[in-house]
């Protein structure tokens, strides 16, 4: 299709299984952009009949202008929390796009060199912090560190207002853990140049 | 309405209460015409929400040709078994038409002289013969005697095939009772000329 | 009677009863229904007739259950029918959709009364014509027929069963109170004279069978439950195996086929009676009980020297688009009488595409349209009054 | 929040939730419903929000009961709503008819998924558009609105309540899965900025009150149950007193008024957004989620030098006949994208009356139409390819 | 035969004197009042009313104890009993329409 | 804690020796098999399968009495037990996919 | 009484000898006796001969769709709890097409008084079998005898949680009026069933005969058994027609509990402190 | 067992720890055990997580509309009485939207085996309250606790005339399989209810917790009480979860009686010869 994405739009696709908080991550991103960063955003979701464990995805578009067509076909950023989501969507990532994946859950193929690929053991970190379900927040923290999509502060706020009150503290730790790992990764990347996984 | 009834059609309207066998009378007339007299006939019914005792009517059209519009608006023959049916329909009877009513049930107004009016105590006769519900059959017997609409034999046959087997005998008597009364009426009319009731 | 199923002979019979006899002659051996005026007589007669033929009559707890039950019975391998009127028809809509989606042959006779809601339960209406087309959610095609006499109640019920087996679809008979309750001559032919379409059974073995793999005409052979094919049937979007496929591709394939099997066979499904079309200046398009008044009006118009014609729709859905388009280009006006505020006339207008004016003769329910009213519309349209 | 009913502020909220907030801001204090994807979130949020406002939430045993319950609640004097998707919408049809016939204000939000039957429960469709118009038996008119964003879910829900009170009719919000599940900016204004239409109460004493005697605009003032007016309300054909009248005259009066109060107030009910119509060569007519793709396509076309325009239907029923007729006479083509096999496009065709070609851009369900597909149709129509 | 006519609610019958009023045009001749009157006050007449039903007639009003049972049982609101006063005692039941 | 692990259908357990087969990719890590094995044959492993679930591992197959209870309870058809033959005894459970 | 009747609508549609008229009188009597504000008393019905009662009573009255009186009434009552809501329904209306609403409204204990005229068939449509039709009885859809066992409505009501359950025939006119009054005066789902003759649609197809004969038959076979488990009180025409007040109890209504839940006062579930049987028998 | 599974469709959609998978295994086991011709055995379901079972079993199987499994199955069975028909249904499917069909099918004694997975909520739509949700339990439509009392399904089934009624938890796996087999082997309306964990939609909102914790809880509180009146066997989580086989009886099926009626052999109604109580108490 010869159709081009509006100039000022950033397209993000987060994929995983139902229950991993994929939709929530999308929601938080959109909230951060809309409420705390003065941008326009849409978030649409795709899921199947399964309540848990089925493939699902959140598609987020962040823009300086009103977003009309809300689907993400060729994301700028692809975040994968499942093998299936990875396999199905890696081909759609646009040239020069960014891939973030949980390497404990995904065996990646050789990744083309014009892609910026990051890997973060988000689920493991989350499990260590007390709840596997916070892998999404870890990932957002990581994203905030490695990609300037919405301000880190906006994201932090959005996390705090989106998660249930009693879990704010825990989620905040998860976010920072991801963020730190992101910063560390950036540093080591700066030394090594781009990563091409095998 | 400037519409005229098809030349070869005879329109009959039977009115009464639900439960008096009005529809059945219409059915028998139509059966006689269709099956035993080689004519075309339609019978439509009108009734209200009441299972019993509500106004109801049977509209029969008998013709040499296919009948298209099945409603009877201006009958050639009006048979009334209830006051309400009489009051509502007497005005529609066409000039020169025939009125048959059960005078035990109906108080008739002055009847215009261009109408042939008959009165038969059908319900009383039927009651005497064992069942008030046979007033319809008595009336049909009467009709057969006073008006050459369908052959009396065809009507007799239709009565026999239409009533429940165990009641055939009884209904046959009712029919003949009506028929005799009709013949007798005709005879006395022949003497007296037309009847104008007061 | 020698043949208990086909009551060969001539009768003075009402339309509801004639519908039953048509169904039985067509091979219907299962009826599930719920009483409702003016369709009750169908259920009542079926309750007496089916036991004589070894068939099943069951009065269900409501119309939803009735509709579900005939779908089940059809998969059980038996030709099945239900009957109802407006309120019950509304309740059946969800499961009519299931029948369409799972391609289950069956017949629904809707004896229309005047609505909306409870309306005039004992009086005539033709207000459910668009509901027949659009009453269930989602997009699909339907087949609906409209009888205008007890004889047609007999004939079209047979045709309904045949079409339903031929195209694997619930077929609707859009009758009305007058046709249902009117007594008239009904001739039931001999069994040999009646064309019956049987179920198209699979010709392959169970391991090769794909329940929704169509023959060239778009219709798939159907294995009954108990035939050993171990089918899976679902109202979810499904592929040729009958398995759910939760994606737009499977959806497109399924819906395209459901629509295509009707649209592509339109010419075989649509039947109209065309009277005096050759030289007509004005054509009345009519269906059901209103077609009788229309025919009378056309005769009367001809008698008055007006070149009127008639298209009587026997099949109301799919709609005879091409015919109407063609005729619209040749006449001065099209006229449609309906006992509603204008339903099928919208289709006539659409298909006419502005080629000629289209006039509605409307009655809102309670009685049928007088031929004189239609005649007046014919006259007016010629005078260009309207 | 100071004002618990009107949650003034800016949110990143999905359409289902925005619909709830619209309802509450409009004064809805009763919700009866039954869960179904993708409308479940409406019921869920209502179950949390209504108790905060002293309102009632009840999950009924099915959609039929839900629809009946909101009718009862409305007569109880409370603004009431239900929500559902296709299968439940089908089940509601009989009692939507009762609501129309008894002129009961209430709101039904149908978040459309792809059908027919169970179809694709979690994926988008626009296949119930004609069902909204024709899904119940008998003839009547409806009001239906189609939101294309969470913000419109909020705004149009308020409008739906207002129209339902204004015209005493169940109003349908024809949303869809994408609009319902999509998160986007939603701005909830201050209470004073929201226009609310209240119930028109009788001004006469009970002995003079005729429940169905209309004001000049065709709508009758409505006494609630318990107000002392001792009303009788029935789905039977009824006269101005509300009493059954089993004859064609009462039927004509009632149905004419039911239809007339909508048709005669059409101009007040219908809202469309008309973009670039002045100089347009080709106009896209679109509604709901498809209108977003349409708007994008029109922008893209303009960018390529094509004089494209857009009619975005906010009100889908009654249909803007006059506007379409007018525009059809001025353009080279009309184009309609729909996530169905062509429903509203039939109305566009009918109203265009042959004045220009009308092209359908169809998707059968499961995802929304890409702007590029519409753009191509625009280009083709200008090239006269189609 | 007498047995089943024993009224079901005998206990509530007060021993006063009653006067019976029959609204003939409402009556559908079901005979409930006649059969269940504890005092055999009523009997079926031979007249038809306007709707073709035979209606009950008071055969011995002096026996009426104004128990209202006929009234409560009548499905048509066509029969009432009232306390008989000296004055009312003489009059015949109201509301009877003449038929031949 | 031990108490509630008592299997509900102890009576049907035959005292034979079993071999446990786990179809890892089907497993969703509910832990039923582990908790309700009457012989503590199984324990939760730390590996994730392709769908992100931890799966059970056989910790002491010699204790397995081939009672099939794990098999009957598994909602995923992911675990089976078979009669252990001399030959089979030595092998490890089949169907385990390698993950890092 | 006449003041509560829309007498401009008389004669009513019910047949000669139909028991509905008698029950209607009883309902009106009970409403008067109950002492509720008549402007706050509402009648809701579905469709059927019985359902037509709503059209003859001078109260706020709603004649809805077949089977749906209860959910409509539920909405009405919950929207305006000040109202006293009475549902009048035929056996088919209430328990054939409407059966699901019946069991759920009873379970929820919606504060509604339900009066069911059980005439053993569908009167309005001319006498088809109903879920009350006795095994073997003849109807227009069971000409050789009904092949289904009927429900015992009172048992069903009580199994679903009705707080007041009684059965009478239309001959038990004063007891019936008392029962309806009692049911109205309680808070919660009350159910009163009345066996009535339907001479037109049912009686004439069965040996039970005319209305008068039917009443006689009911009279002969009725036995009053108050307070027995309605399970033990089937309508056994071959033996006894057990009538009486079977259930008269209390429990919170839906609205009571809803209001608790609004205030977050429902309490915890599950209650881990509950008593369990000493010896664990599960095994 | 694997032969009866459409393994090309695995993995199934059920969540980790969901009890439906366990029950599915049990159903398959029972079908095998029952010895019926597999080509003449059919499964019918409505819509819901439980209803998806129909899609995984290699038999003639029908996944119909929400709530309508029973009427569909009724048509199927009556059209071809050779078939053994099993209905698998969730608590909402069977007894919320489908409640009316349930009570009527039981009353008619349609020869169908009904298996109800009771997971105390609507699993498929994400955990709303159901007619089985315990009073006070939290669901997405009762966040502060369910204000409705649940049905006792077994009591309802038995009150409506089911000839076989049993309840187990998904932990009673062998007893459950036996019960399903027994129910299948009987003629008439058999009902087996299974309490299962729904960790995703129900468990995580309530203290009952994960699937494993739920099973533990069920295990602790289950008591087996065969043959007691199911009225006395509510699921009382605060005390005992009574399980067992409650009803096992016989009566003619709808089809038996229908066939009698076809031959006009139903007999007369009413039976004027019946015994009436010596002393007429009606008065």
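Each chain carries a letter (A, B, C, D, E, F, G and H) given by its place in the written order, and its residues are counted from 1.
Going forward, contacts are C-beta pairs under 8 Å (C-beta built on N, C-alpha and C of every residue); 3 or more make two chains touch, one makes a residue touch a chain.
None of the values given here were measured: they were computed from a predicted structure.
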| item | value |
| --- | --- |
| Which of F-H and C-H has more C-beta pairs touching across its chains | C-H |
| Farthest chain relative to chain C (centres taken as mean CA coordinates) | F |
| Computed distance of Cα centres, chain F from chain A, in Å | 36 |
| Rounded Å distance between chain D and chain F, as computed from the means of their C-alpha atoms | 56 |
| Between chain H and chain A, distance of the C-alpha-averaged centres to the nearest whole Å | 44 |
| Chain centre separation (chain G, chain H; CA means) in Å | 28 |
| Where chain B touches two or more other chains, by residue | 48-49, 53 |
| In chain H, residues with contacts to at least two other chains | 11, 14-16, 47, 63, 65, 96-97, 99-100, 104, 126, 131, 142, 144, 171-172, 219-220, 254, 258, 261-262, 280, 282 |
| Sites on chain C at which at least two other chains make contact | 51, 61-62, 64, 87, 94, 98, 117-118, 121-123, 234-236, 244, 246, 367 |
| Residues of chain G defined as touching chain E within the complex | 1-2, 5, 10-12, 14-22, 24-26, 29, 170-175, 177, 211-212, 215-216, 219-220 |
| Chain C - residues contacting chain H, complex | 29-30, 32, 51-52, 54, 56, 58, 60-62, 64-66, 68-78, 80, 94-95, 98, 224-236, 243-244 |
| Chain H residues within the chain G interface of the complex | 96-100, 103-104, 107-109, 131, 134-138, 142, 144-151, 155-156, 159-161, 171-172, 206-208, 217, 219-224, 231, 236-240, 243, 251, 254, 257-258, 260-262, 264, 266-277, 280-282 |
| Chain F to chain H touching residues, read off their complex | 4, 8-9, 12, 25-26, 28-32, 35-36, 51, 53, 69, 72-77 |
| Touch list for chain F against partner chain A, complex | 28, 48, 50-52, 99-100 |
